[in-house]
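Submitted below is the structure of interest, expressed as structure tokens.
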Amino acid sequence: MTAVSTYLLTGMALFLVGLHGLLTLQSMLRRIIAVNLMGSGVFLVLTALAARVPDADPVLHALVVTGLVVSISATALALRLHGAIQRHREDDDS
Amino acid sequence: MAIAEIILDATLIGLLLVMGLGTLHTRRTGASIALFAGFGMILALVWARLGAPDLALAEAAIGAGLTSALLLRAASITEEEEISIPARRQWLSWLFVAVVFVWLALHVIRLSTPVDSPSLPNLVAGHLADSGVDHPVTAVLLNFRAWDTLLELLVLLLALLGFRQVARRNQHPYDADSHPAPWPLLKAWSRSLAPLLVVTGMYLLWRGSESAGGAFQAGAVLAAAFVLLRLSGQLPVVHWSRWTVRLAALVGPALFLTVAGASALAGEGWLDYPDGMSTPLILLIEAAATVSIAVTLAFLVSGEEEDIAE
Amino acid sequence: MALLIALTALTMLAAVWRLLNGPTTADRLLSVQMLGTTSIAVLLLMAEWQQQSHWRDVALVLALLGAVISAALVQLLRPVQKRDPARQRGQS
Amino acid sequence: MTLLLEALCIALLMGGLFFFLTGALGLLRFPDTYSRLHAVTKADNVGLGLLSAGLALSAADFQSTGFMALIWLLVMASGATSAQLLARYQREQDQQEPPTDGDR
Amino acid sequence: MNLALWSMAIPLVSGLVLLLAGPRQVRRWGGYLTLVASMASGLTAWYALQSTTIQLRQYLLLGNWEEGLAIRLELTTLSALLLLFTALIHGLVALYARFSRHGISHAYWPLSCLLHGTLAALWLSGDLFNLYVTLELLGLTSIALLTQSGARAWRPALDYLLLSLAASLCYLLGVAMLYGQYGLLDITLLSDMTQNDGATRLALILMTGGLMLKAAMWPLHGWLPAAHASAPTAVSALLSALVVKGPLFILWRLWSEVAPIDAAVQAGPLFAAAGIAALIGGGYASLRSPYIKTLVAYSTVAQMGYAMMALGLLLFWQHPQMHVALWLFVIAHGLAKASLFMAAGEIQNTLGTRRISALRGATQTVPIAMFAFAVAGGSLIGLPPSGGFLSKWVLLGPLLNDPWHWPWAAGVFLGTLVSAAYVFRAVIMGFDRVHIKRPDLNPDRTAQWLAMLPALLVWAMALSGNWLTAWLGGGGI
């Protein structure tokens, strides 16, 4: 059990926890967080794979940087939609 | 020594899992979001532990910083809600997750030994001298796989476009009427913090060609400075309807596309920088990309509402 | 050195406990701040341990962003309590 | 001399660790938000200060020492400011709601 | 190769130009610029297609770096054809959006241009991670387009966004596992290396799951009807005709190139079976739908079943004719679906209701749109001599030769019956002359004719069937 494999497994676990959350949770905010967790899990798998070689694989690091940006932009969009839906509902109620 | 490393790994992984589970399943929204912010910090430590400085920087700025700011802003307009999950079928779904995990784990564990044959890290190291920069991650991002980065900038741009379209007619959650005026202390603090952020952003950009750092990290830090100043009410609302603002958001992808097109027309091919020009071109593109990323992230995080009169 | 790092990291567990159990929002923000400071300490120690200076950059960014977040969020969180729809509409 | 320096360095690092541990303990055990605030900020600032001092002693160059000093100052300032802000925020909350309802 | 790159760059650049220009300018000439861009892109794609007849497979290693290090862009006859198809559909939809009376907001133009460019990048890419980025880009563009119809699209857009993110993360995890095992991202290089072992299969399963979710393939189609039906008409047309085809293309490349051949043969029947389930399930849902646009959206789910079936049988038998059938089908469906959505939108706008019962008497009130609906529907059913017929004919050819394959053929016939049922349900209602629903507005004749245009093209496809089959047959696997 090397450090790399433990982190690989942790990444997988986070991915699954996120997926489970996305599918079972009711609250939209939590589901958005869940998708973020899935992303972190995948990035952890990628980075753990990068750590297998002595000087860490720069290609994988670049891929994760790219992925991080995707995830924040999508999160911002999702949260905006969520907020808009909430306010819309409030307006309808009144 | 080895034992100490195991303790460190175990602590980090334990924290990661506890916070990951907690952020999804704790009852209060506030706790959930605070846990998520902490999760980002731990993740930055994990990247450091795995020898990925670029990721640690990006995570510290984006994951721990901007994403939690986003979530908190969202929570501030959401009613505090307590979630209660029906406990009946809960264990069944977790059992299913556990089974899938074991199945995945059996395959994934085999990947922990490196591949021997054509290994990209060696290729990167071999061509680093020709790439125009000294830092391998920057070389991959802006030279070897520049096409990914170009499309990435478009992703960011499209997120912003989608973001702007939602709730255009509604009022923005953060407007001066519903929030109390910022405390003077906050104002003073942000006035002294913002220049430091700007300097750090510039520093990260400048260091990017030789060491960890680069456009994404620098852009995120600059965006944080902007958000802070906006929140403490020291910057006016930025309007998308001004063409300068649009230009700032577009300059990164536009310049990148221009370089790509020009190199296809006049040079060797799409995104093939001419000899000797790689370093200045990469620096130029990075600087432009930083501006675009900073502006876009600032819009996304501070959630500016704009031209309603349009 | 590694042991020192590990022990410092262990103190984060306390912050997580406080995060999970609250009871007030200020407590949680405080724990996040504590987590941030501890992370910075760990990063500085790692920089010394592995003799690599870029962890200090990370620590700096973390410190800066932590400061931004805790300052900005206090401001953002304030109106939550006031957001009682009926009362708000009554005022406007 | 070097021995003395090393001993001092280790002592400082240990001191830093001690303050982190006490801070954690305070966060766990202190009864209300204000005292926890007090515990965390004090312990964190001193802890990080001692750690950076210890590391600075063994550091090779001035650049890293300067960096650590900057980070420490930043954390201290940020800690002080956000402690202020948090305390005020908490007071605002307490004033709004009866103190018995501490669950917010 | 450069021609194909221009075909991609032209819409991207025009998208950026449109963003930079102020709303007033975009309102004035945005539509025209989009039309010109799609035409120019189509023209370059046409020349690229010509060049592939000389050299079947061209590739470009970006930045002229070594194989494996660089991102590979690939131009085959198929990708050139898809470039042309994208430009064509984009142009047709832009024509409709520009001249229809129920105009579209100015924000539509840059987004549709960027969508076109993204798809072009996807058709050309030969790198697993680059495909991930194009997928994300495609997803976000679709969301941005979707949110144009305002508050009622928010909820479907959010669901779509979250699912699409989860799907791309599944895909990315698969990519990570492949990279972990083989150390490569380049599809062409990977295709020589992959072995049929557990980790590879797992990676393929993860990626397939993600892509099927993105392509709304049965059983992962739940998000599609709400999303596609709530978008503005022109956007629905683009989403249904083009966007779902992107993940399908990646799926095809994955299984026909990356996957080891024995794994592909094992997976084939599963795909085909899911395809039949999609045909029947989607068709039934479409038949039961109370709204016009939902009917059309569910029909996309059903029709993707044919694509999945063709893909599955292609993998199962490795029969090149299935490859032709698959892509003929994609093109025919794209044209027909664009027409169908535009006609549905026109009918809906004119009659002022979304309900399908409003179609009563539509042959009299909105005759041209109704005719377009019927004509496009005819292609979906596969009436000769439409493009839909052509693709089905190619698909059925090998199925009918061998008695053992007849069950699959029966599946196709069953699917045809179901699609006939839901198309005729709407059309027959249109001929009802007793309970005519009077239109709220004057019918917009130009827009109706424009909605008809793709339907006419899909029938014209049968005339050029020889070329298409030759191109696809020659440039295939």
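List of remarks:
For clarity, chains are labelled A, B, C, D and E in written order, and residue numbers in each chain start from 1.
Everything that follows uses one rule, which is that a contact is a pair of C-beta atoms (placed from the backbone, for glycine too) under 8 Å apart; a residue touches a chain by one contact, two chains touch by 3 or more.
Everything numeric here is computed off the predicted structure, so don't read it as measured data.
The minimal number of chain-to-chain contact steps leading from chain A to chain D is 2. The interface with the greater number of C-beta contacts, when B-D is set against A-E, is A-E. For chain D, the chain with the farthest CA centroid is E.
The centroid of the Cα atoms in chain A and the matching centroid in chain E are 28 Å apart. Here the spacing of chain C and chain D, counted between their Cα centres, is 12 Å.
Mean C-alpha positions place chain D and chain E at a centre distance of 57 Å.
Of all residues in chain D, those touching 2 or more other chains are 74, 77-78, 81, 85, 88, listed in ascending order.
Annotation for chain E: residues 129, 133, 136, 140, 143, 147, 154, 177, 180, 185 touch two or more other chains.
Chain C has residues 7, 12-13, 15, 22, 25, 29, 31, 60, 64, 66-67, 71, 74, 77-78 in contact with two or more other chains. Note for the complex: chain D touches chain B at residues 74, 77-78, 81, 84-85, 88. By the touch criterion given at the top, residues 13, 16-17, 20-21, 23-25, 27-28, 33, 36-37, 40, 44, 47-48, 51-52, 55, 58-59, 63-64, 67-68, 70-71, 74-75, 77-79, 81-82, 85-90, 92-93, 96-97, 102-104 of chain D touch chain C in their complex. Partner chain B is touched in their complex by these residues of chain E: 2, 5, 9, 12-13, 16, 19-20, 22-23, 60, 62-66, 68-71, 73, 107, 110-111, 114, 118, 121, 129-130, 133-134, 136-137, 140-141, 143-144, 147-148, 150, 154, 177, 180-185, 189, 193, 198-199, 202. Chain B contributes residues 1, 3-5, 7-8, 11-12, 14-15, 18-19, 22, 26, 28, 30-31, 34-35, 37-38, 41-42, 44-45, 48-49, 53, 56-57, 60-61, 64-66, 68-69, 72-73, 75-77, 79-80, 174, 177-180, 182-183, 186, 189-190, 193, 196-197, 200, 204, 207, 211-213, 217, 221, 224-225, 227-228, 231-232 to its touches with chain C in the complex. Chain contact summary for the complex, chain C toward chain D: residues 4, 7-8, 11-15, 17-18, 22-27, 29-31, 33-34, 37-38, 40-41, 44-45, 47-48, 53, 56, 59-60, 63-64, 66-67, 70-71, 74, 77-78, 81.
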